[in-house]
Amino acid sequence: MSLSVPDILPLTLRGAGLSRGGKRVLKDLDCTIGPAPSKTFLIGPNGAGKSLFLKLCHGLVPAENGSVDWGGHSPESAKPYQAMVFQRPVMLRRSAAANIDFALSLRGVPHRDRPDRRNALLRRTGLGRLANVSARALSFGEQQRLALARALATEPRVLFLDEPTASLDPAAAYLVESIINEVAVAGTKIIMSSHDLVQTRRMADEVIFLHRGRIKEFRAAGPFFEEPENDLARDFLEGKLLWWRRSDCPDGGGS
Amino acid sequence: MVAALRLPGRGWLMSGERRPVGIVSLAVLTVLAGLILFGNGGSGRADSPVITVASTTSTQNSGLFDHILPLFKAETGITVRVVAVGTGAAIRLAKSGDADVLLVHHKPSEEAFVSEGFGEARHPVMVNDFVIVGPRDDPAGINSLGDVAAALKRIADSRSIFLSRGDESGTHKRERELWAAAGRDPEEASGTWYRKTGSGMGATLNIGAAMNGYTLADRGTWLSFGNKGDLVVLHEGDARLINEYGVILVSPDRHPHVDATPGRAFIDWLRSEQGQRAINSFSIGGERLFTAVQ
Amino acid sequence: MDAFIDAFTAAFHLIASGDEDLAAIIVLSLKVTVTAVFIAALVGMPIGGLIALSDFRGRRFLIVLFNALMGLPPVVVGLIVYLLLSRSGPFGVLNLLFTPTAMIIAQVILVLPIVVALTRQILEALWGEYRETLESFSASPLQCLAVLLWDGRFLLVTGVLAGFGRAIAEVGAVMIVGGNIDQMTRVMTTAIALEASKGDLALALGLGLILLSISLILNLLAQSLRAVGERWSPV
């Protein structure tokens, strides 16, 4: 069904930045995220700007300086080939099934094809029995899974996830993680933020460490966890980067 | 946060016994919708010719039209739509061509209407008279007087409450002429003993009954008025209280769309024996309201 | 106190006797107002939705304008429509004056600002909630409007009911453009005004009670229909 997907990867950020309320919250972002490896994780202390980074890439907020380039396309034209699962997903005032139908309809899936695809997604995310329940009446974990199902309904080239397993019980978290892994194997690029270092170690292929709106380190996961090059990254991994204590160097030391 | 979104009482809705409520509501609404769409409320009969007559609220409220129009329809098959507003508004309606026939009771205005080319000709139809009503105890003491000018003089001098329609109606214009005859100008006292309601006869009488004041009213409205309170007729009979009604066809030369034929039929009927008899036969409590003049 | 008791008695007698005129008046009132509200909703909801969604110069002024127009005096609307429909006016050839159609037109004008203003308010709140998600899915403005209108449908009913309440209760506009003509354009409110001006206060009040009851019944029906709707399609 999917429309011929132009290749929107690699994603290239050049000097990208933006402000909120007069304060620069993302600055000097320079990086290239390619189609491989399949799972790129974004980590950093609270307030580092992880959510905003994802939204910037996804085209939900515009860059004030610099550029965001998707394989030669603007974020706006690349957006239809992406999907995002937000930290606090918003459910439409409809049943769980209708929420997925909605995503399918936006992608122009013909009516007769929708039930099968929708039911498959519901089953895959463990929501088969909740198809006709009002989405807003679901538990938070169920809503999170539904948001994932909804995002997958669009068969995205790139899937953004903003701390998708925060506040999920272990069983649900496990289910979500396995779906993400399956999807990555099937070819979807995953760009995901996480607060859970153990999870990151488990799943990430490469890691971007964000601190106070800047990319401090961007490396393959294995080498990063073994020996981070950046001081702040090191402190963070050791649990020493306390968000309420400003570090001695104004913008953090290290490379 | 999510749990709070479960609507309270949703469980109440889920139980099967509530289903009948929904079905009944649906059924009632469907019946209503059918009634509304197919019911013939007020759509009028389009088969018989229809004319629009601009007349006054006092004529309407007296009930005269309810009495004579069915008789006219029975004879000619013509349906008459009466739009009842103040005299000034009725004349304006006719001037704009929004009515086919004008039936009001202010001769100077009617004659101007014809001379300005808006109407074909004025024909007298009937008369009734005005009366002065007031509180039973008659604080201004006008009851015994035979002269309406003297009565008004007494009211002004005693500063008794007087309600005026103040709306440029035929009644209001007559009232102004009578004050002039009485040599008094009540306008400066407006808001004190002289109160202008800017409303129709009925509304003014309502206020008069509540305030226990004097009012100049046409006998037709007075007789059929249902809220007299403590008011009674205190002065009548003066020649200057006679109220003449004239009927005019709106000029087809001026407004070509005017339904001239049925319009003329109506006017002719009013002036005919049957019409005049119908007018004379209209009475309330045995008292005749209008006197035919042909 | 007597007047009130007489009013109840009058109302009761009118209903019990199955008065034909009363039935015709009620049907016409509902016909005119329901049609007007339907049209106003059809036109006004998308407008309110578009204002909620969009961002343009003068948007705030438009919002203030519609909010202010909610307070349009019915008699003023009646006058304006009368001048437009009068034979001497621009649309005189349509011959609509003193017909139920003219009354519907006037009431559409009265109800439209209410529907637009309330729709905008409701959907703006909903948009604030849905915006990021809909943008993530690259929904077009029209698709966004459709989602908001559909998901907000139960809330929007309130706006429609407010419009209905205003229209069924007004007398100024329908009196002027309809003319309160017996058997043709007489509705509940103009009938009440007529009876009051004839001094028949008990009857006028009785008719008022009937009007109130009808309004009550319709609101109850709308409520239970909403409940049914919410039960059958989860929200």
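Odds and ends about this structure:
A, B and C label the chains in the order they appear, each numbered from 1.
Following the convention adopted for this analysis, a residue touches a chain if its C-beta (ideal position, glycine included) is under 8 Å from a C-beta of that chain, and two chains touch if they have at least 3 such contacts.
These figures come from a predicted structure and were not determined experimentally.
Each chain gets a centre from its C-alpha atoms; the one nearest the centre of all protein C-alpha atoms is C.
Of all chains, the one whose mean C-alpha position sits at the greatest distance from that of chain B is A. Chain B and chain C, compared by their mean Cα positions, are separated by 28 Å.
Centres computed as Cα averages put chain A at a distance of 75 Å from chain B. Inter-chain centre distance (chain A to chain C, centres taken as mean C-alpha positions): 48 Å. Looking at chain A, one finds that residues 136-137 touch two or more other chains.
The residues of chain B lying in touch with chain C in their complex are 7, 13-14, 18, 21-22, 25-26, 28-29, 32, 35-37, 39-44, 52, 57, 61, 66, 81-85, 95-98, 199-203, 205-206, 209, 224-228, 255, 257. Chain A makes touch with chain C in their complex at residues 58, 60, 79-80, 82-84, 86, 89-90, 92-95, 102-103, 106, 132-137, 154. Chain C contributes residues 129-130, 132-133, 135-139, 143, 147, 151-152, 233-235 to its touches with chain A in the complex.
Every residue of chain C that touches chain B in the complex is listed here, in rising order: 23-28, 30-31, 34, 86-89, 92, 95, 97-98, 100, 179-187, 194, 196-201, 221, 224-225, 227-228, 230-231.
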